[in-house]
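To keep things clear, I will list the structure first and then write my remarks on it.
Think of it as A, B and C in the order they're written, each chain with its own count starting at 1.
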Amino acid sequence: MTGVVPRARPWGRGEAGAEVSARRASLATLFIFLAPALLLYAAFTVYPVLRTFWNSIHTIGPHNVQELVGAANFTQLLTSDRVFWKAVGNTAIFTIIATIADVLGGLLLALCLFSGAPLAKLLRVVWFTPVLMSYVVVGIIWVWIYDYDWGLANFILRSVGLGALEQSWLGDPRTALWSVMATHVWKWLGFNMIVFLAALYALPEEVLGAAELDNCGWIAKLVYVIIPMLRPTIVNLLVLSFVGKMMIFDLVWIMTGGGPLWSTETVSTYVYKRAFDWNTFDLGYPSAIAVLWFIIILVFVFAMTQLLRQRDRLEF
Amino acid sequence: MIGPGYQWLAHLRRSPLLLFVLLYTALSGGPFLWVAVMSLRTTPEIFASPYALPSHLHWEKFADAWTRSNYSTYFWNSTIVVVTAVVLLTVIGAMVAHCLARYHFRGNRVARFVILSGLILPPQLLILSLFQILLEFSLYNTLTGLILVYVAGHLAMTVYILEGFFAQIPQDLFDAARLDGYSDLEIFWRITLPIGAPALFTTVTLNFIILWNEFLYAVVLLTEDDKRTLPLGIMHFMGSHQLDIGMLATGLMIAIAPIILLYGFFSETMIKGMTAGAVR
Amino acid sequence: MGEVALNGLSKRYPGGSDLAVKEVTLTVADGEFMVLLGPSGCGKSSVLRMIAGLEPITAGTVSIDGKVINKVPAKDRDIAMVFQSYALYPHMDVFNNLAFGLRRRSVPRGEIERRVNATAAKLGLAPFLKRKPHALSGGQRQRVALGRAIVREPKVFLFDEPLSNLDAALRVTTRNELIRQQYDIGITTIYVTHDQVEAMTMSHRICIMDKGEVV
């Protein structure tokens, strides 16, 4: 057996014309494997993205009447669109706070189970349940919980004598965003918990034992050894969570539709509204919003990974 | 196992831990129990006392919801869309993943970049154009259109997970198969798929859950009532019957029930599936 | 000072029907180098971990200097251990790996620096103090693990097959190192291995174990 691929030929065919290396495939084979995916991708992902960029510098009226406006959409967006900036502000607050909350919360839950709470296996399953549910289900249930008259939130407050604190959680512009945020965090805590649990169990037991012998109580072990060793996981989850929340649409749409008074309007709900729920039909402007936001997300993700990543490798 | 149990027993910390555990369990499971209970009560009963246990178990509400409010249509639409999309995703995704993981060829890096870049594309960047495109090709308001969009949209994640797994299959197996005269397709069919079965299972689970619950693309690309998928159907129902809490609760239970049922039997698989993209 | 006594020490793992360690009774005199020798699975590592406090004890007692320490948590036992996998802190450089235990015990800064530098010099680690474990070779990591134990100046040293991850040549030289260190420092040492040559060249006394009991 020669196993030698004749030089300068990328699709190696051996002397006898038969394939020798299992690492090479004929053009036809590659085509069969890749074509369906690439075709679908080209049609329904690549082309739409390009088209959105195209749209963003046009005004697209009904029946696809197009008019090139160059950077006009972007200028209008950046200088005179109050709603856009409100949405950006809301999305920013939402993203930053909810990301920190659900990563920290997930870590907390994972530590709870890791350190030997009773029935840990069962709890793991129960605590993960919200992650599996559709936003529609979660949204509707929490709309009911937040209901002023008979919702669970105010009911509990009244029952424990804190009735003075009861709110119209989703109806008051001051509390609406935070309420939606709380629901979103509630849904995703379980996800981060599972990822952290896996990371915790992957920690080398002997290092933790060494820490104990080095006079580390539970808290010292956590602060000086466990969390530093979890750093890659923490960064990954922060980025993942960040990106997800920057694009949030479903929950907001279902719970408040962006109201009251734009207090829960996010960039994505605004895009939808400008496209399908506005008094003039123009797909160009919302496309511009989408493009701009995409670039902003990319910049932030890049910045985050550069800032937070480990300088050296953390092998163990 | 580290965090030795016996050291904890000595700690007074036990009580706050238990309290926290109980509180959070109530917080994460409670809302579902509440909906489950409400699904068996009529709306007047609920308004009379929202937190009481059902005096009479109204099982007939489930039949009502199913027939009266088009739930059966929504359910079947969802089933058709999700099952088809998941099958396509798995087959196409596996082929791509196998190809990228196994073969050296000039376009490998480019193909990988193109497909995995889908992981960071926000839906908003796509939906408006997809709306136009589907309209132009008469795929708007069709289940077919939605299926194609779903498959294209979730290929990136599927390929990401599968490729990672397939790449770890020892090359020796493939070399041996090649020597035995197997063709590329046969190698894919007889080696990669069987050995990669756990990863395939994982992506099937992940895709199933995500697509069953998917809302944004569906709400933009489907507007006719008899094409709606379940999440849309429930929202529509919510819009027109906002005060019929009892009925809505039953509707929610119908949506939740398949997932909870599967979760009861396959919790480990579903947990692993959902978190597969994040746990390395 | 540093006499270790085991009395009827037993261990059953949860889910196991048999005792992994059966009634081990032995005394290690102060300053003695005792080796626990036996095949894999004979329970010797479990005994070591019970002495360290990393494994709960099913029955029997462990005493240091006559004081029973069953209930004393690992961090308060004044024991240092060298693990088979070295167990270095991957996110800390060599200096901090050595200094960590001392810092946690509130040893004054100056004293920490003195001890760490002295130990590093003794073990030839001075040029590597700023490096992280992943940038060190196996032998160097092993020395850091040893240094971490030495710097603590504890009552007892525990070694869990520390040489088994090294290649043959390195094993011999490190073995001689260890013998020399033990001679210099003279702290009670309990050393676990499955290698007879190690056992015979290094120890004052050997305790042979099989299937959980002393043979």
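Criterion: contacts are C-beta pairs under 8 Å (C-beta built on N, C-alpha and C of every residue); 3 or more make two chains touch, one makes a residue touch a chain.
Bear in mind that the values here come from a model prediction, so they are computed numbers and not experimental data.
Novice: With chain centres defined as mean CA positions, report which chain is farthest from chain C.
Specialist: Taking each chain's C-alpha mean as its centre, the farthest from chain C is B.
Novice: Kindly work out which chain lies most centrally, taking the average of its C-alpha atoms as its position.
Specialist: Per-chain C-alpha centroids ranked by distance to the global centroid put A first.
Novice: Considering only C-beta pairs in contact, identify the chain pair with the most of them.
Specialist: Top-ranked chain pair by contact count is A-B.
Novice: Using mean C-alpha positions as chain centres, tell me how far chain A is from chain B in Å, no decimals.
Specialist: 15
Novice: Roughly how far is chain B from chain C, going centre to centre by Cα mean, in whole Å?
Specialist: Each chain's C-alpha centroid was found; their separation is 50 Å.
Novice: Which residues of chain A are in contact with two or more other chains?
Specialist: Answer for chain A, listing residues that touch two or more other chains: 209.
Novice: Multi-chain contacts only, two chains or more: what residues does chain C have there?
Specialist: 54, 73
Novice: Of all the residues in chain B, which ones touch at least 2 other chains?
Specialist: Only 4-5 qualify.
Novice: In the complex, go through chain C and note every residue touching chain A.
Specialist: Within the complex, chain C contacts chain A at residues 49, 52-54, 73-77, 79-81, 83-85, 87-91, 100-101, 104-105, 132-135, 148, 152.
Novice: Which of the residues in chain A come into contact with chain B in the complex?
Specialist: Answer in residue numbers: 1, 10-11, 19-26, 29-30, 32-34, 36-38, 40-41, 43-49, 51-52, 55, 60, 64, 109, 112, 114-118, 123-137, 140-142, 144-145, 150, 152, 155, 186, 189-191, 194-195, 198-199, 203, 205, 208-209, 236-237, 240, 243, 246-247, 249-250, 253-254, 267-268, 271-272, 275-276, 283, 286-287, 289-291, 293-294, 297-298, 301.
Novice: Can you tell me which positions in chain A touch chain C when the two form their complex?
Specialist: 204, 206-207, 209-217, 220, 224-225, 228-229, 231, 312-316
Novice: Any idea which chain B residues touch chain A in the complex?
Specialist: 1-5, 8, 17-18, 20-21, 24-25, 27-32, 34-35, 47, 50-51, 92-93, 95-96, 98-99, 102-106, 111, 114-115, 118, 120-133, 148-149, 151-153, 155, 159, 171, 174-175, 177-179, 184-185, 187-188, 209, 212-216, 219-220, 230-231, 234-235, 238, 245, 248, 252, 255-256, 259-260, 263, 267, 270-271, 274-275, 278-280
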